[in-house]
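See below for the structure under consideration.
Residue numbering begins at 1 within each chain, and the chains themselves are lettered A, B, C and D in the order written.
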Amino acid sequence: MTVLADSTSSSPLHFAQYFLDHSSEDLRLLWSHTWLSVVPVVIGLLIALPLGWTARRYRWTYPPIISITGLLYTIPSIALFVMVPPLLGLDTLDPLQVPIALTVYSVALLVRVVADGLASVPEDTVQAATALGFRPVERFFKVELPIAVPVIAAGLRVAVVSNVSIVAVAGTIGLSNLGQLFTQGFQLSTPDAYYPPIVLGIVLCVLLAVVLDLAVVGLNRLLTPWRRAVPS
Amino acid sequence: MTSRILASGAAAAVLALGVTACGSDSSDDTTTGGSSSAGGATIASKFIFGGAAEFKTRGDGLDGLKRNYGVEFGKFRVTDTGGPVTVNALKNGQVDAANVFSTDPAIKANGFVILADPKSNFAAQNVVPIITKSKASDGVKTTLDGISAKLTTAGLSDLVSKVQVDKEDPDAVAKGWLSQNGLSSAGTAAKGVKLTVGSANFPENVVLAEIYAEALKAQGASIKTKLNIGSREKYYPALKSGSLDLFPEYSGTILTYLDKKATASKPDDVYTALQAALPSNLTALNKSDAQDSDTVVVTKATADKFGLKTIADLAKPAE
Amino acid sequence: MIADVVTWLTDSSHWTDTKFDTGIWTQLLAHLKFVGIALAIALLIALPLGLFIGHTRRWGWLVAGANALRALPTVGVLVLLTVIISPHFQGRTDTGFLIPTEIVLVLLAVPPILSNTYAGVQNVEPGIRDAAFGMGMTGPQVLLRVEFPISLPLIFSGVRSATLQLIATATVASYLPLGGLGRFIYDGLAQQDYPQMIGGGVLVAALALLTDLVLATIQRYVVSRGITRRFSSKQAVPDSRIAAVHETDGAHA
Amino acid sequence: MIRFDAVTKRYPDGTVAVDSLELTAASGQITVLVGPSGCGKTTSLRMINRMIEPTSGTIWLDDTDTASMATHELRRQIGYVIQHAGLFPHRTIVDNIATVPFLLGTDKKEARKTALELLERVGLPPHFAKRYPAQLSGGQQQRVGVARALAADPPVMLMDEPFSAVDPVVREQLQDEFLRLQQELGKTIVFVTHDIDEAIKLGDQVAVLRVGGHLAQLASPVELLSRPIDAFVAGFVGRDRGYRALGFTTAGTLSTRGEPTVTLGAAIPKGTDTDTWLLVVDAQQAPQGWLDLGADFTGHETVSDELLYRGGTLATQGGTLRAALDACLSSPSGRGVVVDDGGALIGSVTAREVLELIEARETERQP
């Protein structure tokens, strides 16, 4: 019994033990959390690229596009999560509701980033590319987009990191991700405080955010080799 | 914290149990009814009541307390559905009375006093497996009926306490209970059956689902679990559409969820009404005696100070 | 659906308090209180710190450290702090829930304000700093009379971004038994009252927009035209390249 | 007067930016520090107002050791102009100019009044006062920068490559006006540039520094051009320094001969066999250009603008030998046109005559 009591200690430092005791469940939550954090950003970027390009190419569209996407970003996530199923006619348990809501946020965040990233491409470079005979689409993918990568990557870092936090919010309405560790820990904290699942959830969320952040940084470096060629 | 939303419901027999344990009796029955009409400030009118938001709108919520006992609280404070927020708010004095579930180990741990519900404001809440009809083979039925037969309210409290107080894992607790009750022996009664077992996201419901799952597994069934799904409005549609097959439910709440006008409050009445209210593809197997009911609780200090034993006492004039 | 939301929002009984229901006005004030307290504390911490770090170019790691705070899951920290703090406050007080909420909100608001203030001061052209010192300004004079006013656009952008996040995230207060506009969202969810829930969401979004508009107006009057380059058309502008700086960040809940 | 007394600046990494510099910048004069990049000229300048602290040695401002003063007090007594002007973008032009008076606690109204006067003095219209730096061109900003440095009427001005960021035409304008202003004000000025031509044009004395912070030569511009102390200075001063040196020798009264002229608009005269070039003047006798009488005038009866060759420069009576020689060399007729201060024709000289004069001067100087 002492062994058991030890392994179920309420101390915050026992989160590692808690993880070992529940590793398959926790890994499942971690995996679903990762998935939910990454996929919406990727889809969001794919949607934001043409929108951002439009906002940049046709200047008059910039204010409305940026205002509308900015407006979407002010909707509290908890409200968006519960609004998505009835608005789109989805099943209430539909696993898509969180990714859809998060995609909305990612688009909202990234449209501006893409537009500003494209704006960061020097006008001279665009002119030169045009003079060299690039057609508009070619020029976008071969010249403008690569040069805009660092700015877009900065936006992506913000998007993935904040997504990790928002996904946890979805845990509070009973969706399966690391946020559940918080609700479980909270429930188990009556009558006495029980920290391990809460601390474990925070640790895993932070680790996940850091790893995803580093992944974007690495991707950025990979895609912009010329930025490392700094004259001494 | 929408977890136990509508997983709330009623306390009838259980209340008597709880109150007896607290040294209460049903002798007040005769005096309670009319006392609220005495006028002036009642005890309740000085109280802040804590409960889930839906307690304001539920038939057996604030309305039921007023209708049955003439109890009208001074203020209502939204906490959560019998979860940690409610318990803490009551313990710390942010609210004076609260809606907590009868099996909650926090009641014992904090010395909360359950106020008796002699008029059965809260309906009976027997634990009952709800299952997709097509999956309810004889073997499955026998297995689950065996569990229901052994499950008691005291046993249920014990299970919750193991998870919540001793922080044991629900699946370990489930296995322990099954072997203790001689239900863990291997067999082939449910061989060939494929089932997905679901649970809401509060410890007791998770343990119950684990018990069902482990017992069926032992009988050869192929089991998938989807535990810790949020509130009833999340999981019920899944149950109805067939993406979940088996769910531990509470007879009173699921009945109110299906039929908002339901008035049954006694265990057998509730069970009969429930069978009638379920859609054709679902059925309720035998109910157990175990109940986890809604209760109105106050702290020991409050109970002593105002001499509170039943809900009706709240309608007495304040000193 | 939309009509139901409009009906819910336009029902005057939803705006005022009744015995058991708290009205929109009260929750709006509560929401603003959460945001206001957190913003004030975050400003008190992040603004002087950002100015100091940007001016002295020392302790830059603090900015990186603050940015790492963005990785913290809001809900997790809220739960953790509540479990730690709330048992210490007995009686009819919300302090035990208010403190965790405000800490979480402050943690959220500090990074954008700090990093933008720091970046704003650090991005002041070296020539301008040099001229300011060269003319005999003391360190604090350079900071307050030159660097601070020049960094105002970036500082404002950080404050506005932080405010938006605060308004959206203050809804988590209702996860604990506190008021605020999040109450309508969580209660609507619990009561399956979708018009109430979506109405709450609409109110939060509207509050965010309105607040941003107010801040934009203040910014317009506080930031020198010499920096915003909003010159009347009559006046010549030889160099029309406008430095566009946007704050793009946002842990959001 | 500013005096560097064995001033050394050594950075923590061991680099010596300035090596025991001895230098005196005389009161009321322009001292130019010039040299290639890395020679420590800017470091030297910035040590005067202690934007950089010397490692050792003393810099004297008149009789005061600058190290003994509070830095901000010291700086308020010294005007400071830098390359990109460094104007405060959030303040109007008038408030930019009044920066130091404001710091000194001068009455705001008074300070602005002075600022407006200075605005005019540096050649900007008064309606610029309410504008912001972003609304001004680079050259205009630099004028404001000079006005700002002058606002508290400091006896000393430090100028760090103030004109190097503007285009050549504007730069020459700014230099000329700067010299005019200095004639009126007589400040003690230390001026840093990497442009040897600018140094020679503006400096009363020029200090050439070499990499590593050594003073290579301190001399007047003429001396620098005529007697560079070593190969480094010679190389830095440049190839045609002999020719440029002529710019510092006045020609004295040139003995001119009369030049036949024709007035613009008169009938085209017939040319002689020996000389086909005829000088064209306007009604005020100001030379306009040369007419090639050997050319084909079909369709023209009078001397008109489009027939003129305008190649030649003009030399002023009493101007420099360099200007006189240039006038000869640039004239299509080979005769340099000499005018009086009002621009009216006096006569012409030939290159041979100017060269004889130069030779005569050389023999005078080197007996």
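One rule holds in what follows: a residue touches a chain if its C-beta (ideal position, glycine included) is under 8 Å from a C-beta of that chain, and two chains touch if they have at least 3 such contacts.
Bear in mind the structure is a predicted one, so any value in this text is a computation, not a measurement.
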| item | value |
| --- | --- |
| Common touching chains of chain B and chain A | C |
Chains partitioned by contact, chain C not counted: A, B | D
| item | value |
| --- | --- |
| Far-end chain from chain C, centres as C-alpha averages | D |
| Pair sharing more residue contacts (C-beta pairs) when C-D is set against A-C | A-C |
| Chain with minimal offset from the mean of all protein Cα atoms | C |
| Chain centre separation (chain A, chain D; CA means) in Å | 60 |
| Gap in Å, rounded to a whole number, between the CA centres of chain D and chain C | 55 |
| Chain centre separation (chain A, chain C; CA means) in Å | 20 |
| Separation of chain B from chain C, taking each centre as the mean of its C-alpha atoms, in whole Å | 42 |
| Chain A: positions in contact with at least two other chains | 172-173, 183, 186, 189, 194 |
| Where chain B touches two or more other chains at once, by residue number | 1-2, 88, 231, 233 |
| All chain pairs that touch each other | A-B, A-C, B-C, C-D |
| Residues of chain C that touch chain B when the two form their complex | 19-21, 86-87, 89-94, 96, 174-177, 183, 186-187, 189-193 |
| For the chain D and chain C complex, residues of the former touching the latter | 49, 51, 71-78, 80, 82-92, 99-100, 103, 131-137, 145, 148-149, 158 |
| List of chain A residues in touch with chain B within their complex | 4, 8, 10, 21-22, 91-93, 172-176, 180, 183-184, 186-192, 194 |
| List of chain A residues in touch with chain C within their complex | 71, 73-80, 82-83, 86-87, 105, 109, 112-113, 116, 119, 154-155, 158, 161-162, 164-166, 168-169, 171-173, 178-179, 181-183, 185-186, 189, 193-195, 198-199, 201-202, 205-206, 209-210, 213 |
| Chain C contact footprint on chain B (complex, rising order) | 1-2, 5, 48, 50, 52-54, 56-57, 62, 73, 75-81, 85, 88-89, 91-94, 231, 233 |
